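Please see the structure below; I have some questions.
A, B and C label the chains in the order they appear, each numbered from 1.
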Amino acid sequence: MALSEKDIELKIREEAKKALATGEVSCVIGWTTTRFPDKMKPFFAETEAECDELVWNKYCINGTAKYALDDRYPSKKFAIIARGCDSRAINRMLKDKQLLRENLYIIGVVCDGKENPICEECQHKNPLTYDVLIGEPVPEQIDEKRFAEVEAFEKLSPDEKYEYWAKQYDKCIHCYACRNACPACNCVECYADQYRTGWQGKASDRIQNQVYGLTRAFHVGDRCIECGECERVCPMGLPIMRQTRKMLKDINDLFGDYECGMPDDAMPVLGGYTLADPDEFM
Amino acid sequence: MAIDHECSCSKNPLVPTLCKVIDVKQETPDVQTYTIQTVDGKKPFSPLPGQLAMISLLGVGEAMFSITAQGDDYIQSSIKRTGLLTEAFHEMQPGQQIGVRGPYGNHFPIDDFKGKDILFIGGGIGIAPVRSLIRYCLEHREDFGHLDILYGARSMNDICFKEDCLENWPKAPDTNVYITTDVPSEGWDGHVGFVPSYIEEVGFKPENKKVALCGPPIMITLSSASLLKMGFKKEDVITTLELRMKCGIGKCGRCNIGSKFVCLDGPVFSLAELDELPDEK
Amino acid sequence: MKFKKTDLNEVLKTLAREYTVFAPIVENEEKKFMPWAESKDVEMEGLNTIKPPKDVLFPNVEKMYRYKMGLEGFIEEIFPEDTKRILFGIRPCDMRSIDSMDKVFLTKEYVDSYYAKRRDDATIVAFGCTEAGRTCFCESMGLNPNDAPSADVMMNVSADGEDYVLEARTEKGEELVKKLEGLITDGGEAKKDTKCSLVINKAEDLDKKLAKMFEHPIWDKVTKGCIGCGTCTFVCPTCYCFDIDSENYGAEGCKYRCWDSCMFSDYTRLAGGANPRPTKKERLRNRYMHKLSYFNERYGETLCVGCGRCVEKCPAHLDISEFIEKASAAELGKEDK
C-alpha cells in the first residue's frame, strides 16, 4: 500500500535524524513551512529537533540538490531529500564533476507530483540514485507530449518567433533567478558574472536580456533535467523551458533518445564526440 | 513634494572632465605613474592628501585611484597592474585622453597632524596615498615635527618613487627614511624583512606622534597590531581603505561598510573609527 | 474634490495633453507603470504592480554621457529628456520609497543630476489601496495603505465607490488639479479603511538592535535558503544600487548606468579577485542590514516599506517580514556588542 503524505513526512524526519546521528552529516536539506500554506521553503535541518520541522506535501516544490554546491569542499556530508528530479540533478552535477558522491547522503523519496504544472510531464517520479528510499516505486509514465509545445512553436515563421521572444525578454528583469535555481547551471563562475570580459552586458534591455537567455539555453544544452525550476522561479513568468526543451528536442533528433541525469556512465551527448556524429555544417 | 537639493557641486558629478596623460613613468615592473592634465593644459582639481580620483579609460572602464602628487598644472596617480582595466591603463602612451572626475572622499586629518611628529608607513602600492601626505608635510615643513618614513616593497625592483625614497626624502630636514624589502635582491644592501617586524625593530615612540598607514590588508592588520603593542593609540593610527567603487559620490551602494560609504566618508579612517564598523573590509 | 470613476479615461486624456502620464497599465500580461495612451488598459484598483514604478525616476538603464576614445576625444553629457511627467496612481508604499530615493539622490553632499531632473519634472498622484495583497505589511512598517503624506495629489476611492476623491497637497498638485476643470466637482468622502493582510511584530528599536547583531547566529540560518539571484532587489521599490558600464561603437561609445544587485558576487569583487562579501550570507546580511539598520543610521528612516513584493517573488520563499519578527525576538549574545 502506498504511503500517505503524513507517513512519508514522518519517514523523512526519521531518516533525517538517523543520518544526523551517524555524525557524518552536517545537515539535511529538505523543506519546511512558511507563513503561507502554499509556500514550502528549502530548509536545512542541523539538529534532531530541527528534523521535526521537515515537511512533505504538495507544495514542496523547490529543488534541493543545488544547495549542495554552496560548499564544494564540505568537511561533512550533505544529506539531501531527493525526488526523481533532484536525483537527476545530483547525477548530472556528479557527472559534471561539481560534486563528489561521497560528500552526499541521498534520502530518496518517491514523488507523487507537486502543485507545479511541470510535474504533469514528469517521466521520473522515482528517485534514480539514493542511499535510502522512502515510498514504493511507482510505474513511470512516458510523456508523449514532451515536445508538443516545441513542435507547435517550430511551425511559426522566424519573424513570429522573434516577435514572441522579444516580447518575453522585454519583461525579463535580468535577475538570474533562472540560472541560480537551475542545477545544470553549476559552473563555478558563470560567464554572465564576468562582466569585465564584455561577454554579457549588465544593462537589462532587450538586447542584453536576449543575449543572456539564448546563451544560457545553449550552455545548459544537454544538461537540462526538465525540473522546470527556471520557469517556476522567473518573477516575470517567462516560458524558459521552451528554450531548453528545444535544445533537448534537437539533441533527440540528432543523436537519438536522450535524457539527462540518468544513473549511467554514458558520456553526456554534447560532452563526447564520435565519428558518427552528424555535422552537416562542416 | 520632493525635498530640497543639497548640492556642493555646480556640474553633474558623474560626468568626467576630458584630460590627457602628459607623462608615463615606469616606477616598477607593474606600477606606472601618470601625470594628468585637462586637455587645455590645466590642473583637473586640487585634491587634499589622501583624496581619490575616478579615472576613466574611455571605452574600457573606470576605477578609483589615489592621487599621489600634484603640481600647479597637473595631478599624478600611480597605478598597479592587477586586472583587465589596469592592464589597459598600462598600455597608455603620453597624449592618451582619459576622463577624470573628483576629488572624492575625505583626506588625512592634516589639522590634527599639525605640531605633531609623523610616522608614515607604506607597503607596496600603498605608498601612493602616503606620498601625497608626505609631499604636503614637506611643503609645509614648519607645521610638523619630526618625520619618519617607513616603506616596504617586495624587492628592490618593486620600490616605487625611487628618487623620493632613496634620494629626496632622506635629505629632507629632520626626516628619517627606513626602506625594507620582503626578500633579498641583488644589489640591495638595505634592510630585508616585513614591515610589521621592521616597525618593532626600529622601535618608534608613540609620544606626540601620528601614524599614516597604507598598504595591503594583511600588512595593515599586522602593522596595526605591532603599533598597538608598542603603545600607539587607535585614534592616532590613520589608514585608508580600498573597496570596489563605481559612482564615488555615495549613491551607487557598493562601497558601504555598515552605514558608512568608503567613497564619501572614507577612504581615510583611524583604527578607532574602523573599530566602530562591522568587520567587512 | 472628486471625479467620476467613469471619467477616468477623460481625466487621463486631459492630463496627457500636457504631461506624459505613467499609469498602471496591463499589457503583455503584465501590469506596470507605462505611458498612457487612449488604447491602453488602465487598472487602478486590484493589487499593486510586480515591478515598482521607480524606473520612471530612476530608469533601469540610463545613458550618462557619450565619448570618443583615442587622441582626439570628447566627453558629452547626455541630459534626461525634458518631459513633464505624472506618476498616476502609485501606492503609498511606492510613494514612501520615492521619499527614500529622494534622500539618497538629492542629499548628502552630491545631487544626482539625472534623478534630480526627472524628479523635478514629476508630479505624483498617489492612490490609496483598495485591496491588500497577501504579503502586504506596510502598516507594520509605519505606513498607511490609504494615505501617502508626501504625494502631490492623494487620490482615494469614494465611500460610495462611484468616484475618485482627490486632495491636492502641494503646488504641483494644485496645478495638476486645475487642468481637470470641468471634470471635477467639489466634495466627496474618501474611503480609507483598507488594512494590510500581514501584521508583524517589529521591535520599536530594531534598527539599533540590528546594529549590534552583525555577528549574531541568526544570519547563518536565515541566509541558507537564498539562491543569490537579484529578484528581491529588482522588484524592491527602494533598492537603488547601480552599476556604471560602457558600450562602444567603434571609436565612440556611451557610458550608462544600470540597476545592480547587492546579491550578485560581482557587486563588491575587487580587481584582484578579493571580495569583502564572499558568500550569500554576507550579501543577504548586507541587504537586510541596509534596509533595516544602516539606512536608518544614515538617513533616519527604514528602507523597507512593507510592500511585500520580495516576499511574494523570492524563488526560495525567503521572507523579510519573517526575518523582522525573528530579529525583533532574538536574544543578544555576548558577541553582539
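One rule holds for everything that comes next: a residue touches a chain if its C-beta (ideal position, glycine included) is under 8 Å from a C-beta of that chain, and two chains touch if they have at least 3 such contacts.
The shown structure was predicted, so the numbers you read here are calculated from the model rather than taken from an experiment.
Counting C-beta pairs in contact, the pair that comes out ahead of the other among A-C and B-C is B-C.
Of all chains displayed, C has the C-alpha centre closest to the centre of the whole protein C-alpha set. Here the spacing of chain A and chain B, counted between their Cα centres, is 48 Å. Remark: chain A and chain C have CA centroids separated by 32 Å (rounded to whole angstrom). Our note on geometry: chain B versus chain C, Cα centroid distance of 38 Å, whole angstroms. Touching two or more other chains at once are residues 243, 245, 260 of chain C.
Touching of two or more other chains is recorded for residues 61, 83-85 of chain B. The touching residues of chain C, when paired with chain A in their complex, are 28-30, 50-51, 60-61, 134-135, 198, 221, 224-225, 227-231, 233-235, 243, 245, 247, 256, 258-261, 264-266, 279-280, 313, 315-319, 321-322. Listing the residues of chain C that touch chain B in their complex gives 64-65, 67-75, 77, 102-114, 116, 119-120, 122, 150-152, 169-170, 172, 211, 214-215, 240-246, 248, 251, 253, 255, 257, 260, 262, 267-272, 274, 276-277, 282, 286, 289-290, 293-295, 297-298. Against chain C, in their complex, chain A makes its touches with residues 34-36, 39-44, 62, 66-67, 70, 167, 170-171, 173-177, 179-181, 189, 193-195, 201-205, 229, 232-233, 235-237. Those residues of chain B lying in contact with chain C across their complex are 1-9, 11-18, 56, 58-63, 82-86, 95-97, 99, 217, 242-244, 246-247, 249-259, 264, 278-281. Across the complex, chain A is touched by residues 61, 83-85 of chain B.
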